[in-house]
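Alright, structures below, take your time with them.
Okay, so chain A shows up in both of these, paired with chain B first and chain C after.
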Partner chain A sequence: MDVAHYMGVPLGLCMAPLLLGIINRTKAFFAGRNGSPLFQAYYDIWKLLRKDAVYSRTTTWIFRSAPVVGLGSVMIAMILVPVAGSSLFAFTGDLIFFAYCLGLMRFATVIAALDTGSSFEGMGASREVHFSTLAEPALLLGLAALAKLSGSFSLTGMFGGLSGSDWLASGPAIALIAFAVFVVFLAENARIPVDDPNTHLELTMIHEVMILDYSGPDLGIVLYAAALKLWVLGALIVNILICAADLSGFSGLIVFAGGMFILAVLVGIVESIMARLSLLKVPQLLVGAGAMSVLALILVMRFTS
Partner chain B sequence: MNLLLSAFIIFVGGSFLSLGLVKYPRVLRVVGPGSVVIGSVLGIQPVLSSLILGTCDFLQMPWQIPMGSMSIGIDPLSAIFAIAILFVSPLAAVFGAGYLKSFEDTHDLGKSWFFFNLLVASMLLVVLARNALLFLIAWEVMSLASFFLVVFEHERDSVRRAGWIYFIATHIGTAFLLVMFLLLGRHAGSLEFSTFFNCGLSSHLVSVVFVFAVIGFGTKAGFMPFHVWLPEAHPAAPSHVSALMSGVMIKTGIYGLLRTLTFLGCPPAWWGWTIIIIGVVSGICGVLFALAQHDIKRLLAYHSVENIGIIALGLGVGLLGVSHGNAVVAFLGFAGGLLHVVNHAVFKSLLFLGAGSVLHSAGTREIDHLGGLIKKMPLTATAFLIGSAAICGLPPLNGFVSEFFIYVGAFEGMSRDGLSSGAAIGGILAITALALIGGLAVACFTKAFGIVFLGEPRSKHCEHAHESCMSMRIPMVLLSLACVAMGLWGFFAFGVMSNVTSVLTSGLTFDPATCGLITPYQDVLLSVTLFALALIVVIGSLIFLRSWLMSGRIQQSAVTWDCGYLAPNSRMQYTASSFAQPITKFFRTFLQTKRYVSPPEGFFPKTASFSSETDDFYGEQVYKPTFNALESWLSRFRQIQHGQLNLYIMYIIIALVVLFVWKLR
Partner chain C sequence: MNLLTDSILVLLILASFLLLSSSRLSNCIKTVALQGMMVGVLPLAANDSLTCRVTAIALVIAGMKGIVFPYMLFRTLRESTTIKELKPYVGYTASMFAGVVSLVASFWLDSRLHLPVAASSRLVVPVAFSMMLTGIFLIVGRRTAVNQVIGYLVMENGIYTFGLAIVRDVPLLVELGVLMDMFMAVFVMGIAIYRINREFDHIDSDQLNTLKG
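Here is the complex of A and B:
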């Protein structure tokens, strides 16, 4: 029980927007541009928090409170995610609480989008609920497979219970889970190939169109909450991959942060070399991720006792 | 026990008093709901004490009916259902007092309150009865009283049709129950429940009893495919009645099934499997059909099917735990299922009351005709929002706690055994189904809440909308508070649920409540409570922080940004149908939505239209052909129906003579 144990949440709260900077720099590198500064997301959030706001006449308190509800729930989810093998708090079944906190965030965002009465935002909301319906079983089944493998039903116990020997014994299953969670991570955070975070006024978007009417501090909160969501879901993948190293303390913290940055680079590479999938193909991708989770679960149950 | 009896007497007395007060609508307005409230307040104390202390009480009185006896009793299993009855009924009654005011001139409210009181009394008797004959009588009175409440607006064709479907469905269910109890009674030599346990049925007769119980009680509970009456009857009934029927009455089916299971001893694994598969089918298909509906009350009715599916998932996991001798899985499954019974009673009645409030003020149940009601009905909207978030199982509200129990139970079932034993696959099925249901429920209730209450009004119906009267608002406020409070009581629920589950496993070799294996979960539930509190605190302080940040800022208002288009109108908004379209299209194999399209044609199209309709698959493809065939076959017997009284008397005499001869033979 050292200082590093308490550092997971502050680390996430501070570093999450940096992931956006790394993704953008990677994309700029592939496109042969210089790109925006690494800390651009921080500048944006700071700038927005100091601005005035414009609200649609149609909107009500639902629209105004949704960003805060989303931020609050993703912060609570962050407490449960282990960093370098330990989290502030863990209990049996906390991964359910984790998944449903993100569900609460989605619920708030979707009804806020419907609050504006805009057809664009309705469209984004409709797509969001459709895709997340398919992403949720993929995530929970993948985590259930991990839980079965490690014999624990809390996020900390799951990642703490995995070791290098598990990778040797059931490497394919863990790789399948990591891939399935990666697909869910891309879909839930509105990244390519599911959604394109760069287009703001196209009919192709999901997350960006839902927040079209936000301005000022509210938009800042929305951006920050989205960065935190990127961090917490990314942390699951990094935890799966670095659990083999069995690190703890400050060295674990540093390896974890390094892992998050490599993940951000990976997202940048995916966004640079892939086009966004056609909307009709996205469900196939997500169902495919679900199938991988199921396959991993079958492998885990069949080949471990 | 005395308090419960006096509650029962007040319900019955109130019902007959209401019948006599038809001429005095002002008195009736107080007496009708008043007796429900007083009775419930009286009855709640013994029920609570049984639930918390785990005490049982029993009372037997002689009765003049052969094989019958006036045996009533209360134990924690009865109490958990009775608490739902005694909490929701008075609130629905108070709501009804306001809701029925506009019907005072056109309808006979005396009868309505008569049957309402009778329904509450009979539901209470169903969960208290300890004799099969008394149980069946209470069950039949409950069915008939609710039938008459459903056909309240009997001048409308659709209502009569819905009532008729309900009437037939419920009696087919009762027929199975009659046979089931006769089987049990024949072997036990008495119709007392206490003699039923291990009464020497052979193993396949036990299975027959189980199947009959699933069909008979499942028809009342709304297990798919016996659910067809729910989406018909709930929209037809007045809203406070739908709240009571959907929130509480259908749960008596679950109660009956569980009570029967306590007679049958250790369940074989396939019982758990049957219930889990029923849960998966009801849960997923229920929410899918709900998503495809345009009528808000029909949507809520299908959602009851979904929630009954979640309850069945919990009970199925529990049964698998019992048959594999795993106390932890048994406890978590049963506890989750039963806790969901109470939670569903609270948020589903809240949602039906909210829908009733909307129907009352806007005059339509069509979701696509509504919109923007949050500005005119802020309280109804907030209550509906809380109910929606609770039914989606989102923390910190009550739906989450029970789904959490079932998830953890399913996981324990999955991890304690290898693939070779079925519990593992049962657990995986339950987790998959719950995850999928959770996602679809969010889609369904963001649609229901978002389209009805948010955005701009979509039709003229919303112009005259107004907030409902006080007696309609108070029940909604209380139920919303209960949703929040019960989201935080997971820690306390642990003790209560271990009392209840020990009734279910009392005849078995192990008792989860005493074997000590489940105590670690008390801390788990404490953590859930703490995290739910933390969620509220964090969001609360962030709201505070935001308002501090916004103070002194200029807040302008403008028209919704529609990408440069400056004259948006309400018809351009997304509708409920368009919101749900991607999902209904994805699952079209199950839903078989009919689409009627007349596309715009030519260079200057003038008219175009689109409408869609999702009929119930089982109703259209299974029951309709079956009943049509049955009717055409039975119509042959019309020849002996002449409508002449003397002929009928002759039939009776012939039947009596035949019976007499058969007996003397």
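Here is the complex of A and C:
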């Protein structure tokens, strides 16, 4: 095992907030502004970590523990995702473990939002749960299709088992999976067209409303965990798309990081040219992503049988 | 060749899903035009040996389904004041679920069905079934007359695709006959919608139930 094998997780831990910077710069470019610095997310997190936290009297230990639980679970999910063909830890069935690590993170955020006793945060929690109920089948069915295609039930084996010849044999199915996971990626990370990360105190927001009561280091941890979640789910898409180029070692790491940056630019473009969907349309979008995953699964079963 | 055929077939299914989930009638017409064009060029992708005759028929069919029918539907839509399907019998998310269920059903049906001839791609027959089912669903589940015509067109696309899978080569006379019938049907339906719109100021076919002789 070379050094590159262990580099995947540190790479993610260091570079995840950079993705936010790239997205914001892309949006600024489209709007004709200069935009905030690329490393703004790092500055924000650093600033918040040095402050004191203020807690409302109605909150309990649930509210205080949620950021740490969220950060912990997204880090565990990060260990499972392969970077450049190898992950730190892999076992059969870890794709379900991966999905529910992210589920645990969401659960912590939601119950902390309910713990504040604010009706506004409860509303956001309700929306978050509603949408993720629809996004989860799309993600799991897409991963199931990949598992069927590669014959392996661990994330590392799945992406390692894919190759350029799979693209030739069942390219439409893989493209469908990539698109469905991309929609889930946008929905889970509260990006446009599902949620607008820039709006505060708007009646239509989802993620921002749940973390309104956090301040200081807690808010910093929440922001960092959200950046890591962006990285982890984005890594799935990049892995699906670059599996054709069989790379490992440092060249693999560089290609992977480049793929993540291109993905961030893509998110920025999507946010610049699309409006946020109305809340009633969001379930439709997510069910559409789920339908694509089902279609991909059927196609894969048809191709490999 | 096979990858191209499969990609077109997958796009056909995606177009059906899009039709099931969109409410704006002009978008529906554009989608069905795109689907018709893709169905039209399908024989070009599926056939290994292209003859002049097959190419000509494919282009004519793509032109009819992709340009002429949508043009007639757009003209009808302009006459009426309706731009959106407001209250469909089945909601859009539920329609999407129905589309997925019908897709699974078509693949199951295809696995039970032992056709005497092998289709050019393993996806052609199930995709054709799913398009027929989607077409029927659109006819039953939507109120506006334009959407019902669109359902009829989707169903015809499915039947055409199925015929392509079974006979492989496109019989000239039969296809032209079917196309002529289609043309007449859309023409007559366009006139009917126009008359309904002029008499009653809307194209909601559900309201026709209240007419008493």
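Remarks
FYI, the second predicted complex is superposed on the first by the 304 of 305 C-alpha atoms of A that agree within 3 Å, B and C clash if a C-alpha of one lies under 4 Å from a C-alpha of the other, contacts with A are read in each partner's own complex, and residues count from 1 in each chain.
Rule of thumb we're sticking to: a residue touches a chain if its C-beta (ideal position, glycine included) is under 8 Å from a C-beta of that chain, and two chains touch if they have at least 3 such contacts.
These numbers come from a predicted model, not from an experiment.
Contact with neither chain B nor chain C is seen for A:A31 once the two complexes are overlaid on the shared chain. When the two complexes are overlaid, the chain among chain B and chain C that reaches more residues of chain A is B. Judged by the touch definition given at the top, the superposed model places A:T60 against chain B, while chain C stays out of reach.
Once the two complexes are overlaid on the shared chain, A:C14 sits clear of chain B and of chain C alike.
Legend: residue contacts after superposition of the two complexes on their common chain; A:P283 is shown touching both chain B and chain C. Looking at the shared chain after the overlay, A:T116 reaches chain B, while chain C stays out of its contact range.
Applying the stated contact rule after C-alpha superposition, one finds that A:L299 touches chain C and leaves chain B untouched. Of the two partner chains, neither chain B nor chain C is touched by A:I262.
Of the two partner chains placed by the overlay, only chain C lies in contact with A:L168; chain B stays clear of it. Comparing the two complexes, residues 283, 298, 302 of chain A contact chain B in one case and chain C in the other.
Residues 371-372, 374-375, 385, 389, 392-395, 400, 403-404, 407-408, 411-412, 414-415, 418-419, 424, 428, 431-432, 435-436, 438-440, 442-443, 446-447, 449-451, 454-456, 520-521, 523-524, 527-528, 531, 534-535, 538-539, 542-543, 546, 549-550, 553-563, 568, 570, 572-574, 578-583, 586 of chain B are the ones touching chain A in the complex. Residues 3, 6-7, 9-10, 13-14, 17, 21, 92-93, 96-97, 99-100, 103-104, 107, 122-123, 126 of chain C are the ones touching chain A in the complex. Listed in rising order, the residues of chain A touching chain C in the complex are 168, 170-173, 176, 283-284, 287-288, 290-292, 294-295, 298-299, 302-303. Looking at the complex, you find that chain A touches chain B at residues 49, 51-60, 62, 65, 67-69, 71-73, 75-76, 79, 89, 91-94, 96-97, 99-101, 103-104, 106-107, 110-111, 114-123, 125-127, 129-130, 132-137, 139-141, 144, 147-148, 151, 153, 201, 212-213, 216-218, 221, 283, 297-298, 301-302, 305.
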